[in-house]
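Both complexes shown next keep subunit A, but they swap its partner, so subunit B is in the first and subunit C is in the second.
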Partner chain A sequence: MSDVVRQITLGEWDERYERLRAAGMKEAGYGGPLGRHVVGGNTRLRRLRYDSSAAALRLWNFLLTEERRLFEARRAGKTIVGAMKDLGTVPVMAYALPDVVAFYPDGAWWLPCVMEHGAGLLARADALGVDESFCPVRAMLGAFLSEGHFPEPALLICSAGAVCDDFSAIAQRLEGLGRSILWWEVPARRAPEPGEPAVALPAGFEAPEAQAAFVRGQLERVREAIERAAGARLTDDLLVEGIRRANEVRGLLRDLRRVVFTAEPCPLGALEMLIAEMLAIHFCSDLPESRVVLSGLRDEARRRAADGVGVLAAGAVRVFWVNPVADLWAMNVLEECGGRVCGTELLFCHAIEDVPEDLPPIDALARAALADPMVGPAGDRAERICREIDAFGAEAVVVCRIPGASHCALEGKAIGGMIGERLSLPVLEVEVPPLSDGVAAGLRTRLGALIELARERRV
Partner chain B sequence: MRTVAYTCPFVPAEWIAAHGLAARRVVPALAPPDGLLPPQAGMCPYARAFVNALARPPVPDAAVFTTVCDQMRRAAEWFAARSNVPTFLMNVPATWTSAAEALYSAELGRLGRFLVRLGGNAPTTEQLARALRAADAARAGAAAPAGDGVPLALVGGPLLAEHRALFEQVRRLGGRIVLDATPGGELTAPARVDPDAARLDPEAELVRIYFRHIPHAMRRPDDALHEWLDRELAARSVGGVLFYRHLWCDLWHAELGRLRERTALPILELDVGDEDHTLARWLGKLQAFLETRTE
Partner chain C sequence: MICAGIDAGSRTVKAVLLDARTREVLGVEIGDQGVRPAGATAAVYDALLAGCGVRRDDVRFTVATGYARNLVAWADTTITEITCHARGVHHRMPSARTVVEIGGQDSKLLRLQADGTVRDFAMNDRCAAGTGRFLEMVSDKLDVPLARLGAAATESTRPAAISSMCVVFAETEIIGLLASGAAAADVVAGVLRAIASRVAAMAAGRVETPVAFTGGVALVDGTGAALGAALGAEVAVVPDPQTTGALGAALLAARRCAAR
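And then the complex of A and B:
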């Protein structure tokens, strides 16, 4: 299936789909030609350029059928849990029970992009007083009100405390509209004081034991809420097994990142990598299938790396990308400018690290939650980014500001400052709205200048 | 006496005073563009003004920030990295659980150790009880302004120093602000001290009057804020609401929609950017708002 290694348009994909089917390609139940998703309103797909592999096709179909699969899960009697904000911890707990499906309504933040505002979600948020001064995750409000993008969850769980104010305020607005939310709290992570008992966190940082104990208590509340909603005991044994299965997915993703970010030429494009990384946070509502999808991508990337083939020309500038981008197309634009993504920090790196398996499960999950880059100081986040830049050999850094996001005002400066100081790499801040066509010329110019500068530094 | 500066209403001044240090609540003025923290896209003007006020003389001996909002949390990190002033970031939990209350209490303990390192003395039970009683007595004297103007409530984020003039401006235009529901105003005033509780366990009483009592846009859930507003707006026969918010302050901004749904009162939005030093921009709309309330 990997005979053609290149990036293709949606139209080309549909032609290629027929050829692959004729050649005997096996698909999952949610499979089909990509073009059908445009009919469903995902018009932004027409703008993108895609990897031409069957593995990538499966990835896209998995992503773009999530809404449908969630409605099917509810019809099948599963308990639907809406986890909000923590990006990686609550779903591990929820999926430990066999008849529970967890997803992040936060994911609606890409709908204005993918549907090119066709669903009117941001307009609905506007009408509730949540305007463009908030992060695009405000689309979640519109998605809840429209009732068409995901089934009403039986349980909504949202992290509070050291989270971004945009999300906290938007979730509170949702609660004010009548949704019941279980709030659990994560305190701002701080360094242990001299002599204060400390625990190690998955990301290589430390936190005071008192903070870990606090989060353990909060996660026990989450456990009880899931048990009540599901009508089943969520035992430690089930959690241990749930953590093991989540770690399998995380391990696959780390393998994929390692291959793609280090091989030359680039074996898989930034767009598919962005989607693949997102699978880590809630497994795109189907944990076993997310494993299959990631295995397929990893195997494809390994084959290409071994064969020395890639989707981009050799010599592309190696760029480390910070923060998720509101318009998927921007990843194509970076590559058209001569860059490739070699490392990312998309605000959920704690969902890529293994949850410790040698600790009582709630303790392990508490430590994973405390490792969230949003929970800690920007300096810690910058430190981790510097380590990854070193590991993947990036030559330049893009800090992608999220429009309206409360943490972006100072965080980008802090991260850029540390990278400049320690690694002397060029750092560029860009802000990308959900549809960036209006700023495309400026975006290309800025990214192009970064790439050019990085190339000059090779000499 | 060494001075400890803060601005957040969840920082108990009496806790600092009980340690033998001077607590100075900073109500910053809008920051000039050339301060320690220059204007940034997306930056809350109040958080920026607070950082820059700390960096200007008289520079305090220490600064206390809190985690009540994302911007202040990150501003603390910015300030600590660029200033020689010892900086303490106090974790103020958002939720109302007993565990959150215990965390707030533990944070007071951690703040206390910071104050001792700064040269303060850990207070005895009696010293703390005395500080609580003194602060309570000082707060007890405040009363809503009397007069004939249209009674208005001021609701929203913390006022910048130059915007304290809003009270007088409203009075001149024929209104009067009878309810200050901003941080620093009545909204975030601690509960009255119970003298017996203060004598027996002043630390627990401190936690009660601050953390268990104060409603705020950052609390989750925020029902207590709206219940407090419902009660006070009715009790003072408020005829209109001035909603004051800093650009990029998501917490207060998102409360506006819910407030509109809960009250039939007319609401005038006053937004504050980084360059809004005077009230002139609001004069016309304030005047029109008050005229419609008078007719």
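And then the complex of A and C:
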């Protein structure tokens, strides 16, 4: 299936799709040609360049059918749980029950990009007083009001506290519109005082035991709420099994990252990697299938790496990318400028780490939640980023900002400062809005200049 | 062996022909950028070639830069204006360690290594306050020719405070200032200060001297002084500042040519 290794346009995918089908490609129930998603309103897809593999096709179809699959799950009698502002904890709990599907309403923040504002979601948020001074995740408000993007969840759960103040405000507005939300709080992670009882967290962090105990209490409330919504007991045994299955997905993603970020030439483009990494947060509303999708991508990347082929020319500048990007097209631009992504920290690196399996499950999940980079000091995050940059051998770093997103307004400076000081690498901070056409020339110039600068340093 | 550099900027097109061996500038041409950048760029380039008595076929390598660089179909390659300005400034002012470039639609701050390569850079293109476009608006609103703005500013006794971060709101602010009786000279001086302070904010205190000032706005008297005051450093205007990017592109073309 990997006879043609390159990046192709949506138009080229139509022809490629027919050839793959003729060659016997097996598709999932949600499969089909990519072009149909444009007919469904995702017009922005025309602008992107895609990986030409069947595995990438499956990834895109998985992503772009999420809304439809959620409605189907509802019709099939599944309990739908909206896990908001939670980057990887509540979905693990929800999927531990067989008839529960968790999804990520915040994911609606990409809709204004792929639909080129066609759905009017931001305009609806504007009308509710949540304007562009907020993060584009405010599109979620419009998505709830339109009732066309996902079914009304049986249960809405939202984390608050030391997470994202933008999102907390947006979710409170949603609550003000009559939606009932179960709030659970995550405290700002701090280092234990000398002599204070402490617990180890994933990724080598530590937190006071008192903070872990507090989060355990919060997650017990979440467990009870899921049990009520699903009408079933969410036992420790089920949670243990749920954690194991979530860890399988995380392990696949780590494998995929390792292969793609280290192989030369680059075996898979930044766009597909961005989408693949997002599966770690919420499994794109189907945990077992996300495992299949990631396995396919990993196997394709391994084959390419073994064959020494890639989607980009050899010698592309190795760029470490920090924070997700609001306009997916920016990932294509980086590659067109001669760069490749060789590592990422997209604000949910804790969701790529295994949830500890040697602890009582709620304790393990509490520790995983406390390892969230957003709830800790910017310095902790910068430290981790520096370690990863070093490990992946990056030559330059892009710190991406999202307009209105307050959690990365100043953090970028702290991260950039530490990288510059410790690793002496060029760091570029860029702001990419959901539709970046208006700033496209400037974005291309900035990214292009970063690549030129890194190339000069090779000499 | 002749090489060319073309800076297809947002307001003007600049083109430089260079003897790749001696690095001697053979000719320079500047023209307005129109609504059809490809056509305007071709016209400027053809005028340059005609003026120098050179045919297109005689040019061995062409580098295009500037915001419309990808529309220069005959260019052998494109290089960002950040790299080109760095190269051009280093050629004209080798000691420069910080470069401020203010063009028609954006402003940039570059820090250079001793060999003239870029160490790091910052760029503003989201807000026109701090660019040549802002000065054009002011020139138009005050009915003071662009070339006279600097002289007008020297007549100021009490520079106006322009607080807006956005050129559209700044225009409103200027109208308000004029309505309240502010002198045009004070408004101009305030505008120059505002532009300089935007650049200083971009520098974030990381200014290494000597500081070179380039780009079309450097041609406006008084902007260099305002910039120096805002940065707290002496600022030298690069000779022929408007063509620095095109020169850098031509120099990089010569290097590519030599590497062939």
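Quick notes
In this section, the second predicted complex is superposed on the first by the 459 of 459 C-alpha atoms of A that agree within 3 Å, B and C clash if a C-alpha of one lies under 4 Å from a C-alpha of the other, contacts with A are read in each partner's own complex, and residues count from 1 in each chain.
Following the convention adopted for this analysis, a contact is a pair of C-beta atoms (placed from the backbone, for glycine too) under 8 Å apart; a residue touches a chain by one contact, two chains touch by 3 or more.
Being a predicted model, the structure only gives us computed values, none of them experimental.
In the superposed pair of complexes, A:377 makes contact with subunit B only, with no contact to subunit C.
Which of subunit B and subunit C touches more residues of subunit A is settled by the count: it is B.
Of the two partner chains placed around the shared chain by superposition, subunit C is the only one that A:441 touches, whereas subunit B remains out of contact.
Contacts of A:166 after superposition: subunit B is touched, whereas subunit C is not reached. When both complexes are overlaid on chain A, the residue A:130 reaches subunit B alone and has no touch with subunit C.
In the superposition on chain A, A:76 makes contact with neither subunit B nor subunit C.
In the superposition on chain A, no contact is made by A:39 with either subunit B or subunit C. Applying the stated touch rule to the two superposed structures, the overlap between the subunit B and subunit C interfaces on subunit A comprises residues 431. Every residue of subunit C that touches subunit A in the complex is listed here, in rising order: 67, 79-83, 106, 117-121, 123, 125-126.
Every residue of subunit B that touches subunit A in the complex is listed here, in rising order: 40-44, 67, 69-71, 73-75, 77-78, 81, 89, 91, 93-95, 97, 99-100, 103, 106, 110, 113, 217-218, 220-222, 247-251, 253-258, 260-261.
Considering their complex, residues 420, 426-427, 431, 439, 441-442, 445-446, 448-449, 452-453, 456-457 of subunit A touch subunit C.
By the touch criterion stated above, subunit A contacts subunit B in their complex at residues 128-130, 133-134, 158, 160-166, 168-170, 172-173, 175-176, 181, 183-185, 187-188, 190, 193, 210, 214, 217-218, 221, 377-379, 401, 404-411, 413-414, 431.
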